[in-house]
Amino acid sequence: MKQEESLLGLIKELYPICRSITGNGVRKSLQIVQNYIPVQIQELPTGTQVFDWTIPKEWNIKDAWIKNSNGEKVVDFDDSNLHVLNYSIPVDQVVSLDELKNHLYTLPDQPDLIPYRTSYYKEDWGFCLSHHQLMKLEEGDYHVYIDAALEEGSMTHGELFIKGKTPDEVIISCHICHPSLCNDNLSGISVAVHLAQQLLQEDLRYSYRFLFIPGTIGSIAWLARNEDKTQHIKYGLVLSCVGDAGPITYKKSRQGKAEVDRIVEQVLAESAESYEVRDFTPYGYDERQYCSPAFDLPVGCFMRTPFGEFPEYHTSADNLELMEPEALADSLSKLRRIAEVIENNGTYLNLNPKCEPNLGKRGLYKLTGGDTESEVNQLAILWVLNLSDGNHSLLDIAERAGMSFQAIRQAADALIEVDLLEEVR
Amino acid sequence: MKQEESLLGLIKELYPICRSITGNGVRKSLQIVQNYIPVQIQELPTGTQVFDWTIPKEWNIKDAWIKNSNGEKVVDFDDSNLHVLNYSIPVDQVVSLDELKNHLYTLPDQPDLIPYRTSYYKEDWGFCLSHHQLMKLEEGDYHVYIDAALEEGSMTHGELFIKGKTPDEVIISCHICHPSLCNDNLSGISVAVHLAQQLLQEDLRYSYRFLFIPGTIGSIAWLARNEDKTQHIKYGLVLSCVGDAGPITYKKSRQGKAEVDRIVEQVLAESAESYEVRDFTPYGYDERQYCSPAFDLPVGCFMRTPFGEFPEYHTSADNLELMEPEALADSLSKLRRIAEVIENNGTYLNLNPKCEPNLGKRGLYKLTGGDTESEVNQLAILWVLNLSDGNHSLLDIAERAGMSFQAIRQAADALIEVDLLEEVR
Amino acid sequence: MKQEESLLGLIKELYPICRSITGNGVRKSLQIVQNYIPVQIQELPTGTQVFDWTIPKEWNIKDAWIKNSNGEKVVDFDDSNLHVLNYSIPVDQVVSLDELKNHLYTLPDQPDLIPYRTSYYKEDWGFCLSHHQLMKLEEGDYHVYIDAALEEGSMTHGELFIKGKTPDEVIISCHICHPSLCNDNLSGISVAVHLAQQLLQEDLRYSYRFLFIPGTIGSIAWLARNEDKTQHIKYGLVLSCVGDAGPITYKKSRQGKAEVDRIVEQVLAESAESYEVRDFTPYGYDERQYCSPAFDLPVGCFMRTPFGEFPEYHTSADNLELMEPEALADSLSKLRRIAEVIENNGTYLNLNPKCEPNLGKRGLYKLTGGDTESEVNQLAILWVLNLSDGNHSLLDIAERAGMSFQAIRQAADALIEVDLLEEVR
């Protein structure tokens, strides 16, 4: 199966499920993910304290609708799980239109679309609907019904640890708490799953940890329960909104010049495509937690069009039609390339640092001089020799040379082959 | 009385007086200032050594004129005190036009205007007049008369010290030595006086020292006599040319990145108005002395149109008509804002640095999630939490967040209120 | 004789000689140079190990041609020494056109021009010719004849050491291995010779070492044999391509902010002419060796149009017609100016660092104040006083002031004269 199809296929499987920060939707989603990668499903009981937060009650929903006085369903959870205010408490009562309106959410500026709304930390009920639907509601009484349960239970997350040669870790984190919304963030889940699939085939230098977690509370819980592991995190990326047609946007870590920030920028710059790199801000996805001041981990956020900047964001229009298979594949491919640079970066020492070595006698020099083109083939070798003084990584060299990491890596390999270069440990 | 009227009112009171670096003009001006603020008038005797300089003889003038052979006054000190070369020695003699011309100063390119000229450190006499006046002088003898005295006396300056909670000081310095010239520098005097009036009403953290001094020799004398106080000067501004219609120009201190430089730029950037920030140069006003290498104090120069860059500069056209009451009030208001930032800046520690605190349970979070607008109200809080690691002041945070200092300060106050933030001492 | 004529005259003398990295062409060239400056001619025997390299056999050539089957010379070394692949081994045989073509080099895109090609480190023979010449060769047998010798001998270089007051050195290095090519690098040789001529007349603070060396192997050999001297090298420039009509291009040293880099940029910026400053790359001339990581010397490359960027580069069109006498003189004049800044830079201490000194009483101040032009004459003095805190060199001051080095130097001299400034040793 083509990569594009598989990426979109997983999104299609996950799309109908009603997820939230807790509940069976997340479990079911992770079980589907287990068909792709051996992700572990972990539970944390309601009431567990995680830093300043408490794991909330578990929320599950079976049905929900609004009926008019004729008994006709005017809003129905079966049409879209966005119709219910996520985390609504159960309700079954008859209310006037005026009272009902206090519990309705619409988007007057996008009157065809259903908004996505949540109320995790304040017990409330509500419905989301298109503004057109709202406009059609006539005066009268309405029967509102939400068959939901908010009870002691647990919060679920998925985790896959791929062990590499060193305990140093790369974390890939994506939120799994949104219901039927594709770009935010089934795209992130699918791309992460496929990246993990690829890395599972490889002999890796770094360990990789994939986290499929509810937004905010999920990363807070993980950090609270795994504080000892954070010292090993050398690189990290939060994935979200990676399936739309827009160019890549990378939001840097709080550190700003972390190696992960530089590697992502290097990979993006090497592609001939447009991209945007933004400075860190404390608003966004789970990088907010990874980059909180006591952790300050080198974790950035890898997106295409950022949240809030595409009109379909947090509406029913963030659906399968928004997904561009080529964009999903491109996101995956660039992440694969980022992992390659992470795996292959290193700092080396030129073993013949006094003047250039005689490359000709080692077969590394085009022997007939005077050809104006010859530098193109030699330049990477000369850069590696010139800057491999123990203070410059291959990434440093690629940046300064303005060349691709691969060209620099290949030059380094050629020099190692003839004993002119040695890794600095 | 409206602020604008009061600002202009003081300028009008001071305008007619003939000031110089010494003499009764300065005393009279400071006595007028005493009607506004309790400035202390201090005297330093002629001959006092101040570093490399000596306090000069005191200069006072009563009358001066040039009469033609018909006995008509062709130049008269009573018309404008700019007509006399400032610090002229007395003279009473009849000279030919040719000889007279050696003592006349005009502006051929601005033939309607009287130039302002001084001869503090070389004993000489002279008259300044418009080039048109000069052109009208016919051959013949002229009676020149200057009833001035250059004698042992003292140099006068005004000083107001407003004691705050800490001995750390903010100095506001303006030169008071120019005769009937408005922008340079009655504007600076009036704005300083009104700023002091406002600060006198406040409960201040920093101490504020207002200096009303003769240019160059005044700041040199103050520094020479108060060397021990300079260690307390944490911020300083020289005020000049703050009453014309041009945008604010700020010339940075020699240090260039002193907190005062950053605060002024922050305040100017927050206004939606145009402004210019320039690097330090060793030419200008008394910042030259405050920023001399052995002191290197964090003192910048706050102006509207800089000296020498408006055509009226150092001419009779720098008069009351050049004064824009709104500009004076705007200068005052921005200086007040600068003082507010100085007073309110500080470095804080996030007391819940591991992940974000649960703002919802503390009433600091809009509870219904998913609203794309919500970050606007929260962002300052998130920035303060994220950067309050003990290494970033609120000013640092405002700069990095690209937000107003006030938004950051308010966020900090809200967090202090709920015990999430604590000042670093 | 005018400087332009002398600069071009030496180029004309050297132009006809067939040079290579070894052999009599270099010796003869250096003997001509000895008519201008007392350069020492030094020899290093074939087989000498210099770091990773070995001094090659010495190459000398007497004659070379290709005759067609009619006995007509279709290619003749006497027409141009570029016709022979430089370092060709001797040959005397009859070959078919097809076989001959394996040994012919042309420039199809510049069909009128003979390319310059070398084969120093692989024994081979060959001819270079215009593509038009190649096209005219008819099928048939050709007699190829190269009367060359590749034998034990030595490599020759020229060196002139001008002793200054300190053992600290400035090196000026130019390659002397190219045959009849003017810009690359008879221009560099001629300009270096004339610069040396001028410096020989002076009382110098620094010592100057002029190196006339074969490219690559020459600088490697010099560094290998003079490693102990490299510690004294404080500034260095490689000269090449300094005779064409293009603006100056300066390629910075590997250090990038070495004083030599800043001085060259200062001198170029002071001229009203266009110029380009480029970052270091490890491809180019002998700066590659001087800037190899174990040496990392402050040596940049001073050019007009860089190698490979003018169409005549490494072809028979890099001839006397390409030389612009004014450009040669301008290159020399700017290098002379660079040497002046090197000679005259220094760090000084303001002996009156508390406030400005009274310049008036020392005759350094225009005494009648209030003149809007006066700063022009004073500004350099004020900058030197303000920044001479022991941490800023005159170069630093010129850079920060945006003024010419000479203006700053003159101001410093005036201040030294009145005991306000003292050199920091």
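Letters are used for the chains, namely A, B and C, taken in the order the chains are written, and counting of residues starts over at 1 for each.
Throughout what follows, a contact is a pair of C-beta atoms (placed from the backbone, for glycine too) under 8 Å apart; a residue touches a chain by one contact, two chains touch by 3 or more.
The shown structure was predicted, so the numbers you read here are calculated from the model rather than taken from an experiment.
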Worksheet item: What graph shape do the protein chains here make by touch: line, ring, star, complete or other?
Response: complete
Worksheet item: Could the interface between the copies chain B and chain C be described as same, meaning over half of its residue numbers are common to both, or is it different?
Response: different
Fill in: chain B and chain C, separation of their C-alpha mean positions in angstrom
54
Item to complete: Indicate the residues of chain A shared as contacts by at least two other chains.
Response: none
Worksheet item: If you look only at chain B, which of its residues touch chain A in the complex?
Response: 350, 352-358, 360-361, 367-372, 375, 378-379, 382-383, 385-389, 401
Worksheet entry | Footprint of chain B on chain A - complex, ascending | 51-53, 86, 115-122, 124, 216, 219-220, 223-224, 227, 254, 281-283, 288-289, 291-296, 308, 313-314
